[in-house]
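Shared chain: chain A. Partners: chain B in the first complex, chain C in the second.
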Partner chain A sequence: MALSRRGLMAAAAATPFLMRVEDALAQGIQPKRGGTLNTIVNPEPPVLHVGVNNQAPTLIVGGKIFQGLLRYSAKLEPMPELAKRWEVSPDGLEYTFHLQENVRFHDGKPMTAEDVVFSIMKFHMELSPRARGVFARIKEGVAVDPQTVKFTLSAPFEPFLLMFDVTVSAIVPKHLFEGQDYRQAPAVQKPVGTGPFRFAEWQRGNFIRLERFDGYWKPNQPYLDAIIYRVIPDSQSRRLALETGQVILTQSNDIEPFDVPQMRAQPNLEVQTAGWEYFGPLMWVELNHRVKPLDDVRVRRALAHAVNRDFIAQRLWFGIGKPATGPVASTTRFHEPGAKMPAYDVEAAKKLLDEAGLKPNGQGVRFAIKHMSLPYGEVFTRLAEFLRQSLRQVGVDLQLESVDVGTWAQRTANWDFDTTINYLYQYGDPTLGVERSYVSTNIKKILFSNVSGYANPKVDELFTEARDAADPKQRQASFSAVQKILVEDVPLVWLMEMAFPTIHDRKLHNVITSGAGVHASFDDVFLA
Partner chain B sequence: MEPSRLPAFLLGRVVKAAIVILAIVVCNFFLIHAAPGDPASIIAGQSGAADARFLAQLRAQFGLDQPLYVQLWLYLKGVLTLDLGFSHRQQMSVAALLWDRLPATLLLTGAAFVFALVIGVSMGALAARRVGTWSDSLITVLALAFYATPLFWVGLMLVLLFSVTLEWLPSFGMASVGVEMSGLAAVLDVGEHLILPGLTLGLFYVAVYARLTRATMLEVADQDFVKTARAKGVPEGRILRRHILRNALLPVITFAGIQAGQLIGGSILVETVFAWPGIGRLAFEALLARDYQVLMGVFFLTSVMVVLFNLITDLLYAIVDPRVEVSR
Partner chain C sequence: MNSFWRNFARNRGAVVGLVILLLVIALAVLAPVLFPGSPWDMVAAPFAPPGEMGMLLGSDSLGRDVAAGIAHGARVSLLVGAVSTVAALAIGVTLGAVAGYLGGLADEVVMRFTEFFQTIPSFVLAILLVAIFTPTIQSIVFAIAVVSWPPVTRVVRAEFLSLRSREFVQASEVLGKSRLSIVMGDILPNALSPIVVLSSLMVATAILLESALSFLGLGDPNMMSWGFLIGSGRSVIRIAWWMSVFPGIAIFLTVLSLNLVGEGLSDALNPRLARNRGGAA
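Up next is the complex of A and B:
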């Protein structure tokens, strides 16, 4: 044979995301029409419209009803969704999208370039803080013809193509929103999209039922007849539902990390942690630099030295996620492998605290500081307790405070904390999801801004350079430099690159086929 | 009770009740608003991104940009016209949200109530009649066990036994979803789902009623009128029903009145463990999300129920024991 085995493997590696249905075929499994997917949604979303509400459960369910122009591979390469191809002008200012043919909304009306322009330029600009920040750079968005949309930027913005996932800029029907208050239009309660499943029924507190959309633009798809999202508020009940086969798919925070090893042991279940690359959640200890002695870089470095991040990833999260190395997750673009935060080293931590003049008192305590644990479930309580033990080793008394979600949100936003845990999505690019936590222009009394109060003019400058540069090489240089500064300054103690377990019965196929995992449309998911 | 005094009594109580409920509404309003955080900051937190405009838009939409006294006045005006407001978070009227959840809660708590009352009083009566025998000991021990065991643990154990090990009963939800059923099949399906949460919720009250009934029946059994009845040759079964049980029921009614007042509130714990779509969970989730209007709606409904059942309990006293007179 002319083709060597190595050659075949290289070919396979080059086109990993064209091998989806084909992958299953290779294993002798034919995609099959029919069947209902019983799964879980938790917590119950307040509304199902992905534009109006951006909570994870809304995005997971809404991702079946709506679609974006593009999807993304695990390596964050754009792939066709509602746009079948696209071009970027050499100066990086003009983006032209050619739309798929025969795409219809669930109410039967065709989707055209007008809907795309409306969605991007008006709908998401009005509703979404995330989209607004980027789409404000669009000087002009026009429908060239019913199948073609052109966006002209006022200045180059290299990560622009990452902004077209359904979770950021779903395409919504213009005719159901124009001239209305977008948040209160009837189409918010009865969402209408172009996705493979249409909204059928929602019994609050009980279940959400989506049905196959027969007019879907991909012929013969989707394969499933329906998807039912059960609302099960108790984590042990969710585990039982999965174990007994009453549901065959769980995602996100449905199953607590400490229950995952038992699920791995079940022969009929498959546990995957892929499918979060597009979001790249990174978890850290938020430090309030206004509280002494956290303003001292030696103290912050000592805290970073004192925490065993391997233990957190392996023993608290049972291998779901990996230890952080710095401010940019390894799956996010422009991650700099050469920038490494202080390693776990108790002696080095003690030495630094000595240098900072913080000597232990009779009880061996150098200083006491409060820690507000993140009220997102049992595992975060365990994390807080582990941190308390870790810091006690170096003579820091971490005093735990328990709060509920509302209190946590308000106190974090108002800088009313010493330390707490936080995790943020990086959205694939440091400009989109990392910059906001470190630049001094974003020190605001708002969640997910730079609430720690860290300010370094050099860091501001490098992030701005990277934001405005059109050339990826130039951006890499700036991002590498800024990552090296940040791991020295340790404005936050990064803990873990998070992932969430997707657990499903082996008879369910094609669950994770992109970097957005369970947020995908599921048009190729089937039961066999 | 003289029939002529009843209307005046009722009127007085209704006026009092209205004042109490109004005071409760005002207290609730301030309590809820005293909790840190507001719905807008929580939505921002859950969305993973926010800017000042986003928060301002949400606060304006929710009416949170108005001074507190204006918000209170608007809410009171609503309540007085029986308009419980609108949940902007869920984009639905509070009345519709409550109405959606009410049947599930009433079914669960009602079933548990009837179950607890019937089984509890029967167990108590049986134990009292056979006091000192092995069946009395068994009932006393069981009642103590039900009384002392935490609800959620009972729930989990029942699930482990009946859903996981025996696979007889579903472990969560109120009905099978995605299967077309009608008539008897649908009723049986809901019944199947009701057994475990109903048992879990009911067992505690079974214990309460059994212990109460047993204790008061033994107390009454020693009194002179029972001895008289026995002396004049009334059959033992009749003495038990007409003389002892009837007189022993007053404390049971008091307690049943308290339990009935909680019917609407549901049980957060049981509804959570069994994913039962009731009002308790609605309230709990509204509290976490600071969905003020929904929370106040639930509080309003429950306070009305408590006041109402107190009134019914007072009337029942008079029927069961004519010596008790209703008074203002």
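Up next is the complex of A and C:
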């Protein structure tokens, strides 16, 4: 096992019910070679190359084929993967990674520092807007020797170490991409990585089969012979496949929240919601500040008071997910527990609306406003209906509009909405995943930017300070201050820290061992 | 009028249908009295089975009363059925009358236009229209009307073709009555019986269409309808069968009653035909 002791303990502490190789050994369960893992991928990914497509299905399957330099515990501490150790210079400008030995790509060629430099400086710089935003800060990336890579930043950037997960910057073979159009290269359709499983077969609309890679760099691993991802588009059929044992692992959106309680009741199945800490998805009601009266902070506070977030987490999502407390999810770094958004309090909401001069008319309606439901399936439709009834209690008439996914994305990006639902990944650090929704420099007609149009110079200043500070303590101070301002200003009504259920047969071990959960390489997963 | 009722009552099924239909209409009218407040209100714990927590027919995934949903949904379903049928009749009767009475080029043009609509699968066209105009109660009524008028046009045209050469029509023409008053005063009243029968069936079809659209999530998100109830219950049918079964029964009974009434009307309006079939069905 190439886990650092510290990372291992941190991960174990965060997910106490998990069985780890060490725990298994203590209980007399030896990791065993052999067996095929039957599972599900939904929806079917367009390609399997994690650099070319970074939607969840691609990342989950591709995470077995590719690896990053690092992986992360549930507390987001970096742990070794393709890098066995690393050093950061005291000024926070130089990052040196020492690579594992004997790492080979699936085509037999050795992985060297050259491949790492190519992956970071060229491949992901060109293909991934998110990676580009951070890697553009690298002044120089060099292969010191075949086992050592050094990146020199132009200015300190404390969250830099969070950028090396397989889902962000997988290491790709330079010899299969250099000099070609990265998107069109043959290695996109036949992905070649360093992961414990290699791509074997893909029958479109049916299944994807990955096979054990015998040349994997960890001796005697992986334990599984193969992983088969079945494509099952209907949610009830997926549930049935899990119940009958045709598949022994489901993840992400495979099982609908309302089916989860029954799965929990099955003695042979284990349901976990850990393993999304690295992504930290936070869901909120997006408010368009250009629409009156949403520009009034008293109205926004009233809306936040009017929604019972416990009901959403418990009744709509059946306990998968936690009520939000503010703009930074509690699993994300620099979460400030002292910053609390307005609590559920119908009377306080009515009082604030009265103060804002919005009196109820004969039908008890103070004002009407539109709500574009998020077209991501039934549970989101129920959420919109729940919000409408919640706001009706305080005299706000929420009129629902149903749209398709394309229309939703286009209208949200073009500020053509009053209110809607959105959820964004926080990627472990507020600079990487929170800042974009609140700073005025990011008010753009682009999806997942600051589409609400919230602008507060103090907030801009604090986010900039936190981004540029090299010292985590200094960053914490800025982030705490900005969270306290945001929960007062309520630019958006935060609803829930989302999680997704991972359900597996109890004979499958080590499914979730990191903050990226089922996106991990599965080199230590075994059947016993 | 008496003979009309006698002929109608001779068809027992039609009487049963009429009773059910009247009950459904009464339910729709009395919904605000029977179930005050909004059917969207969350009044109980989610997934309460029928009979528990004061929920006669159980509660849904948000704790909304299924019985209240069915009562208020009856208003929407019947309203959509009635309004869209009236709209479809307006289009269908006008075009059918023009084609059948004028004949010639007008007939050709109208019938080709009608055939154009008949070749498109009606449900697919309805989905398309609702999706384009975003799902609201108006767009749903519009879509159902647009897909259901062609049969009316054909029936009306056929009636007009046979009636316009009758002596009483020729007499009116000789008297110098205007074309409009001949169509409205002489021909249309005599062509009414197949239209009445057809329209009762069209209401039933419209209710089914609206339910099917809502089931697919293309209903008006602000209106509680039966299709919506079934659609929202479909995925949780293994947890809460009552969420889809009771609205399903409501749709079944209403559509059945409309069909029975339609048959009764047909018998009452064409007594000779009914007697040839062996009298009381």
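Throughout what follows, the second predicted complex is superposed on the first by the 509 of 528 C-alpha atoms of A that agree within 3 Å, B and C clash if a C-alpha of one lies under 4 Å from a C-alpha of the other, contacts with A are read in each partner's own complex, and residues count from 1 in each chain.
Operating definition for what follows: contacts are C-beta pairs under 8 Å (C-beta built on N, C-alpha and C of every residue); 3 or more make two chains touch, one makes a residue touch a chain.
Predicted model only: the values in this text are computed from it and were never measured.
Peer 1: Is A:43 touching anything from chain B or chain C once the two structures are fitted on A? First, second, both or neither.
Peer 2: First partner only, chain B.
Peer 1: Should A:399 be classified as contacting the first partner (chain B), the second (chain C), both, or neither?
Peer 2: In the superposition, A:399 contacts chain C only.
Peer 1: Just checking: does A:258 make contact with chain B only, chain C only, both, or neither of them? Give me first, second, both or neither.
Peer 2: second
Peer 1: A:365 in the overlay: touching chain B, chain C, both, or neither? Say first, second, both or neither.
Peer 2: Neither partner.
Peer 1: Can A:378 be said to touch chain B (first), chain C (second), both, or neither?
Peer 2: second
Peer 1: After the superposition on A, what does A:386 contact: first (chain B), second (chain C), both or neither?
Peer 2: Second partner only, chain C.
Peer 1: Under the stated touch criterion, which partner chain does A:136 make contact with: chain B (first), chain C (second), both, or neither?
Peer 2: neither
Peer 1: May I ask you to decide whether A:236 touches chain B, chain C, both, or neither, giving the answer as first, second, both or neither?
Peer 2: A:236 sits against chain B and chain C alike.
Peer 1: From the superposed pair, tell me which chain A residues show up as contacts to chain B and also as contacts to chain C.
Peer 2: Residues 236, 404, which sit in both footprints.
Peer 1: Under the definition above, what is the set of chain C residues touching chain A in their complex?
Peer 2: Listed in rising order, the residues of chain C that touch chain A are 38, 40-42, 46, 61-63, 131, 134-135, 217-218, 221-222, 232, 235-236, 238-239.
Peer 1: Quick one: which bits of chain A touch chain B in the complex? Just the residue numbers, please.
Peer 2: Touching chain B: residues 36, 38, 43-44, 46-47, 53-56, 128-130, 132-133, 183-184, 188-189, 203-207, 209, 226, 228, 230-234, 236-237, 240-241, 243-244, 246, 404-413, 424-425, 444, 446-449 of chain A.
Peer 1: Give the list of chain A residues in touch with chain C in this complex.
Peer 2: Its residues touching chain C are 235-236, 256, 258, 262, 315-316, 373, 378, 381-382, 384-386, 388-389, 392, 399-404.
Peer 1: For the complex, give me every residue of chain B touching chain A.
Peer 2: The touching residues are 35-38, 41-55, 61, 89-92, 97, 100-101, 104, 156, 159, 163-164, 167, 170-174, 177-178, 272-275, 277-278, 281-282, 285, 288-290.
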